[in-house]
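Per-chain numbering from 1; labels A, B and C assigned in written order.
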Amino acid sequence: MRNVLPILTIILMILAVWYAAAIMLNAPWAHDKAKRAGVELSQLDLVADTWSQQKPKLPVPHQVAAEIWDTTGAMVLKGRGFSKRSLIYHSWVTFSATILGFALGTALGIALAVGIVFNRTMDLSVMPWVIASQTVPIIAIAPMIIVVLNAVGISGLLPKAMISMYLSFFPVVVGMVKGLRSPDAMQLDQMRTWNASPAQTFWRLRLPSSMPYLFASLKVGIAASLVGAIVGELPTGAVAGLGARLLAGSYYGQTVQIWSALLTAAALAALMVGVIALVQRVTLKRMGLV
Amino acid sequence: MGWLVAAIIVWFLGRQINARLARRPASRATGLAGPVIFGVTVIVIWECLVHGLEISPILLPPPSQIAVTFAGSLPTLWRDFVQTVIKGALTGYIIGCGAAFLLAVAIDRFPFLQRGLLPVASFMAALPIIGLAPILVMWFGFDWQSKAAVVVVMVFFPMLVNTVEGLNDTGPMQRDLMRTYAAGYWKTLLKLRLPAAMPFIFNGLKIATTLALIGAIVAEFFGSPTKGMGFRISISVGQLAMDLVWAEIVVAAIAGSAFYGGIALLEKALTFWHPSQRSRA
Amino acid sequence: MSEPVISANNLSLTFETNDGPVHALKDVNLDVHKGDFVSFIGPSGCGKTTFLRVMADLEQQTAGTITVNGVTPEEARRQRAYGYVFQAAGLYPWRTIGGNIRLPLEIMGYSRAEQEQRTADVLDLVELAGFEKKYPWQLSGGMQQRASIARALAFDADILLMDEPFGALDEIVRDHLNEQLLQLWDRTGKTICFVTHSIPEAVYLSTRIVVMSPRPGRIADIIESPLPRHRPLDIRDSPEFIEISHRVRDGLRAGHGDD
């Protein structure tokens, strides 16, 4: 709680910088317009104009907020909450790809981590590649995956989910390998003195001990998964999803639309990470790990 | 049919060798040989499967063809590499990490602001910042400057969070010790807190290497001059020239690993005293 | 004399390290008989913990033989012949005290009813009845260590191996736990091997004190204690106690002669 005031201060500072930057960036266009219309701009007029242009270089927060409201809440009120122009619809498209990819990536990541922890051959040969692959900008493959999967007749949700899966699977493997190895030598010896089987050691010691690591990687994983889904919507001329909105906005110079898609994506990320953080808090608290 | 049998034999052999290696005591040699054998096995099986199953090279070109294309288009690849990695990623990386570091040190004197900055920056680090790419391309034009700008925003927040956390990582005992020496703020910062923050700073730098390459490549999807790795990838995908796409990915992989490896080496040289480095020795 | 419970013959263990071989144990011979309370004392690096770990099949000797209950340590471990208490309590924070004590019983496949019965019994034994539903982090360090002893007792093995179990506790708590441990040993008639670096603790608890010395780890002296089985805390002020303490200290000093 004691952080609320500092956080609010920082947010206010960001907003102030944002409004100021908007004046600076949008001023040339305002001057241009004024010159052509042959009017003299007062300081106040200038500010008012830079904060209310149709296609500003940098839209101000309240313009973006209005656009977001127009494409979400207002449309719900009109009963068209799920129409193709609604951000709720686009968010849902991106969200479903994100969640599907995240679930696949997490399952794959955990399975691989279990294999690496229990099989020395896998540890020796696969683990270095998992780490190395983190240093490679996997996302460069995104457009290719989409096209290739399209060519074999898979389109829609799945190709995007594959990219999400790819991005979210690495943090989970790395985190889970660390987590499953987190019991110290003493705890493992303890299991040995009881002649516990590997399965018993896994379910009763390794898996519970890995929970803090799992949740930490899930938070990274879902953020990465969202990035994957958005990038997956870029190259194909996709018509739905937040990524498609970004791309369409950048084609037509609709900056307000870009920013509203961007902030919606940010809200979506915050929401998903927040949900995981909540589950994490409840679970770890009940397990006595915090 | 022969190709498929070959694939199975290679798979079996590679597994056999690595299983035997795994039973040997761990050493530098086994640590190196294991992954190499695994990698070679995967590539050979890939080659065999593509021929054996007659997969269209549009879907998945065989490694041999990728190698040929790679060798044949070195000038193009080099031009793309300079455009994307050197001009876009590296410039942005240096500016972004440098600015984040300076801001972290500057705000360090104001605990109040720091308490607010840390959660906000961690939040920003989790956002799909890459979405800023189209805006920055509008602002800074199609050339590498806009790519560098995307990289700056992408690496900024992870670097900031890590530096701030690192600067706070000293124990109360160590800080009390500096107090007993009557060391001032700057002395404490220079002699105690910056060295102690090094592992965190390097963690941030390492995370940022990957982000820098991702940012530079993806930003090119939103518009670029007729060179650059992202540009080449999206164009070649459109022309179904998958071998060239793969060649670019190989370049990205090499650049990414080298970038990361370079930072990791620097880290090893500077933070050899940290437990995370010592245990590996 | 009856068959020894633990019997080591020319037992040696050498670790290969980057700086050459380290002789953790060299030609160790020892018989432990049923109902003995044997303490192992010595400076760090003398191999006392290693010796205990060999008994528990947590390390393997490189030469010589050792039997536990007449069989190899590995066989003994499979028969669950011993309970092992570590330096730290090592309780799982996500399980209650009762849940922690049930853990080995679940692993060993005891029935639900038996688990309940045994858990209640050992909690009584270590005077923790009523704390079954509490979590480890709600208990003091001394109580946690008592719970970990209860956990080692739960499956009723004849042998109790304890590796500096009270090393991290303060003097007052340690005295109290020593007293309780002696009563527990007296009541159950278990064979206990106890590693410590405290001379008073070793003398107070043991029927036999094994003094060890380092580089290579070996037995310097074995002292039979003439103290009676029943030992109030103030026995530590008696002349016999002080005399044995002197012998232990002399043994430790002799082992240190070379450095």
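The definition used in the following text is that a residue touches a chain if its C-beta (ideal position, glycine included) is under 8 Å from a C-beta of that chain, and two chains touch if they have at least 3 such contacts.
Please read all numbers here as calculations on a predicted model, not as lab measurements.
Steps from chain B to chain C, taking the shortest chain of touch contacts, total 2.
Comparing chain pairs A-C and A-B, the larger number of C-beta contacts belongs to A-B. With centres computed as the average of Cα coordinates, no chain lies farther from chain B than C. Chain geometry summary: the mean Cα position of chain A and that of chain C are 53 Å apart.
The geometric centre of chain A is 18 Å away from that of chain B, both derived from CA atoms.
In chain A, no residue touches at least two other chains. Shared interface positions of chain B, i.e. residues touching 2 or more other chains, are not present. The residues of chain B lying in touch with chain A in their complex are 15, 18-19, 21-23, 30-31, 34-35, 37-39, 58-60, 112-117, 119-120, 123, 126-128, 130-132, 134-135, 137-139, 209-210, 213-214, 217-218, 221-223, 229-230, 233-234, 237, 240, 242, 245, 248-249, 252-253, 256-257, 259-261. Partner chain A is touched in their complex by these residues of chain C: 53, 56-58, 77-78, 80, 82-84, 86-88, 90, 92-94, 103-104, 106-108, 135-137, 155. Considering their complex, residues 186-187, 189-197, 200, 204-205, 208, 286-289 of chain A touch chain C. Across the interface of their complex, chain B is touched by residues 2-3, 5-11, 14, 25, 57, 120-121, 123-129, 132, 134-137, 139-141, 143-144, 147-148, 151-152, 219-220, 223, 226-227, 230-231, 234-235, 242-243, 246-247, 249-250, 253, 255, 258-259, 261-262, 265-266, 269-270, 273 of chain A.
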